[in-house]
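Got a structure for you, written out below as structure tokens; questions coming shortly.
Order of writing sets the labels: A, B, C, D, E and F. Residues in every chain begin at 1.
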Amino acid sequence: MSELSHLDSDGRARMVDVGGKAVTHRTATASGRLVTRPDVIALVRADDLPKADVLATARIAGIAGAKRTSDLIPLCHQLPLSSVKVDFDFGEDSIGITVTARTTGQTGVEMEALTGVAIAGLTLHDMIKAVDPAAVLTDVRLDDKTGGKRGHWTREE
Amino acid sequence: MSELSHLDSDGRARMVDVGGKAVTHRTATASGRLVTRPDVIALVRADDLPKADVLATARIAGIAGAKRTSDLIPLCHQLPLSSVKVDFDFGEDSIGITVTARTTGQTGVEMEALTGVAIAGLTLHDMIKAVDPAAVLTDVRLDDKTGGKRGHWTREE
Amino acid sequence: MSELSHLDSDGRARMVDVGGKAVTHRTATASGRLVTRPDVIALVRADDLPKADVLATARIAGIAGAKRTSDLIPLCHQLPLSSVKVDFDFGEDSIGITVTARTTGQTGVEMEALTGVAIAGLTLHDMIKAVDPAAVLTDVRLDDKTGGKRGHWTREE
Amino acid sequence: MSELSHLDSDGRARMVDVGGKAVTHRTATASGRLVTRPDVIALVRADDLPKADVLATARIAGIAGAKRTSDLIPLCHQLPLSSVKVDFDFGEDSIGITVTARTTGQTGVEMEALTGVAIAGLTLHDMIKAVDPAAVLTDVRLDDKTGGKRGHWTREE
Amino acid sequence: MSELSHLDSDGRARMVDVGGKAVTHRTATASGRLVTRPDVIALVRADDLPKADVLATARIAGIAGAKRTSDLIPLCHQLPLSSVKVDFDFGEDSIGITVTARTTGQTGVEMEALTGVAIAGLTLHDMIKAVDPAAVLTDVRLDDKTGGKRGHWTREE
Amino acid sequence: MSELSHLDSDGRARMVDVGGKAVTHRTATASGRLVTRPDVIALVRADDLPKADVLATARIAGIAGAKRTSDLIPLCHQLPLSSVKVDFDFGEDSIGITVTARTTGQTGVEMEALTGVAIAGLTLHDMIKAVDPAAVLTDVRLDDKTGGKRGHWTREE
């Protein structure tokens, strides 16, 4: 079985050396859902109307969070993102969050996409917690990635 | 129904004024789980033995992330935390993450505990993603909080 | 004539000691304007309609910037803000920005309000610079402050 | 008329994809002025003499601020700057601030130069605010830029 | 012998709970030295004359670094500093650095003073490294602290 | 004698232009020691056993600190590190810290390695300060560097 690559042979954490890896275009898409109550969804959906900043606030937080990934996740490399996009969709009792990040670099942007989802989701959580402290951020996961030695990976349903 | 408190009457985002709220001791406990495969759990559990830095890395990231909450979540207030504790437990195919944050202040620390869980969980995700890109961070949620006008809240199972 | 308080008797920069000052409620309101062309104003005003995130993006950036003041302005004290509010209004060829910040602390929040205006204004600048690279951020200034030993100050017109 | 490039077709904010743009040398020069009173200018000019750290403090803040642009302006890309230079000049009742930033990258450094001007200007403001709370940071604007598809742009007087 | 207080009974890192400690005035003074060559000292001392920004740059970096301590040292509490002062003195082949930090809070500012010394020293190192890559930052240590349950502590020579 | 490269001809601080320098692989190794008492070393060495997070905490802080160098040292360029490694070794009364940083870029990573040593050392200091407030971080220095115009440099003993 493969070892955990972020540990050296003594089990000590390190930032893995990516200096010898090829510079390629890389993308990653991650998603998650904030599960709440239908009446809270109705409050947030008012944001589709010309009323409220809820989704815009979470979108900006997700973009800013994705850019700050290497500052938050200790063993992540610093990667300048060439684009970040945050989308939302509504279920009956949940808000879906999808983030796509891109770079041209020596390592992938999975963590940037995942961090964007988590921070956007927590920002939604923050804005609804007074009406629903029981909301749950769930299913934060990588959906698809391209670029790098391993090439295309997509989640099997 | 109550409105979303982070929006003014025009629906615009703002940092709510907490200047008139009482300074009280406040705690919040949040949890989540990183779901992966049993063989990956075995790799990480080796960290219980004197081998590896996996859990320590995630723990430090969670503590640092909790302290940076107001920098990540746009409408969160800056709260000096009086303590942060990050614990892990193992299921067959998942790692449980529990964070407890405390402060003495004018607003609660729910978001600090939740952010700690998310960042610790993403850090675990980062360390196992080479062996399991399909891992999922799930059930990130508030479990319990005390302090403030509303007093004790605990999740109903 | 009064000396510059941020310098010691040798002219060296320091963070002034506020440890002996009274803890009082303090507010500051600052404003500024981004001057551009009427056709660009029309593009941004579309944001009043249910269309675009321009003002929400600048508002969130202004709030986040105000919270990060002590990290940006070297001799500013770290002040937990109890509220921040960012408002916009439109002139024929300019967008007005007004930020109000509040705290309960030992020193004032003028710089927090001013930093909020500057970062919100630069964010607007960023979003319109492809259509108007000649836009100008101007009249960034304190309008009003309360609290502290000197009490109420308001700009004379 | 051109649309605002930072918005997608639904008006939602995003970090524009620059992954397909050419890597070129890019420069930007921006300027601004802090308007105060002649007696305050005299206090600050003492810094030309071997006395005070006023201008050095603002210079360092401007350089550090320029490097932090992508952390402050939500839709800005992360750009490693190859140089930053901050200059000051004195008028009768104002201090001029000029910042030149350079990079080799896929997008321009206008916002880095402008952010450097704003943070240097706010730092000056902070240092003189006890003697002149009415000071105004004004005329923060791009003067010149080179590199990229559009090539050289210079402000028309 | 006393245990390490930053570890729980299982040896796991945590942010110690200071919520029950008294709020007192606290100060800490730390110092260190950058050892280099006499000819480099001569270059830097030119900064005493109206020539150069070397010491001012290191001073501002030290102040900013002290304010960022809890963001750098994982188990440090967030403490708003009421003042920070950075002083330099010259030996034949070294530059002495002394930082005094103050707060009113529930835990001490030793780490803030020490971090200020280290960042100011590294900044000097950065500025002279082209002429003396062999310079050494040494003797970074706490000299004196007051406040808190243990009261006054001073280094025995 | 060579001038200080971080100053312009007027003695003003600037970020030196590295835009014309070659992009090469660069490494730097720096080291330092935290001097304490033998009984404290014994407490920390327990971390070699499956007991405590002391070294892991310092290691993560050192890696994160190295990545944040350009945010801490005002005139440092932003360099994406391709790897960072932090090692510890024990003497009778001191803990040795060694950090190796690598990049592919236009300027060296000496400051990144040195900052990693200083932050790891300060984190150890923080964890032992309750039992040994007199501990001293010493001998923080560059040991070796490769890459760039000057090529290989190694410390002469």
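Following the convention adopted for this analysis, contacts are C-beta pairs under 8 Å (C-beta built on N, C-alpha and C of every residue); 3 or more make two chains touch, one makes a residue touch a chain.
All of these numbers come straight from a predicted model, not from anything done at the bench.
Chains that count as touching both chain B and chain D, per the definition above, are A, C, E, F. Greatest Cα centroid separation from chain B: this falls to D.
With angles rounded to a multiple of 5, the C-alpha fit of chain B against chain C returns 120 degrees of rotation. Note: centroid distance chain C to chain F, computed from Cα atoms, is 37 Å. Mean C-alpha position of chain E lies 16 Å from that of chain F.
Rounded to a whole number, the gap between the C-alpha centres of chain D and chain F is 31 angstrom. The set of chain A residues touching two or more other chains comprises 12-13, 51, 53, 56-57, 59-61, 64, 68, 74-75, 80. Pairs of chains meeting the touch criterion: A-B, A-C, A-D, A-F, B-C, B-E, B-F, C-D, C-E, D-E, D-F, E-F.
On chain F, the positions that touch chain A within their shared complex are 25, 56, 59-60, 63-64, 67-68, 80-87, 102-104. Taken together, the chain C residues at the contact with chain A in this complex read 48-51, 53, 56-57, 59-61, 64. Those residues of chain C whose C-beta lies close enough to touch chain D in the complex are 1-7, 11-13, 32, 39, 43-44, 46-47, 51-54, 56-57, 60-61, 64-65, 68, 72-76, 110-111, 114-115, 118-119, 121-123, 125-131, 133-142, 145, 153, 155-156.
Those residues of chain C that touch chain E in the shared complex are 8, 12-19, 70-71, 74-75, 77-80, 105-106.
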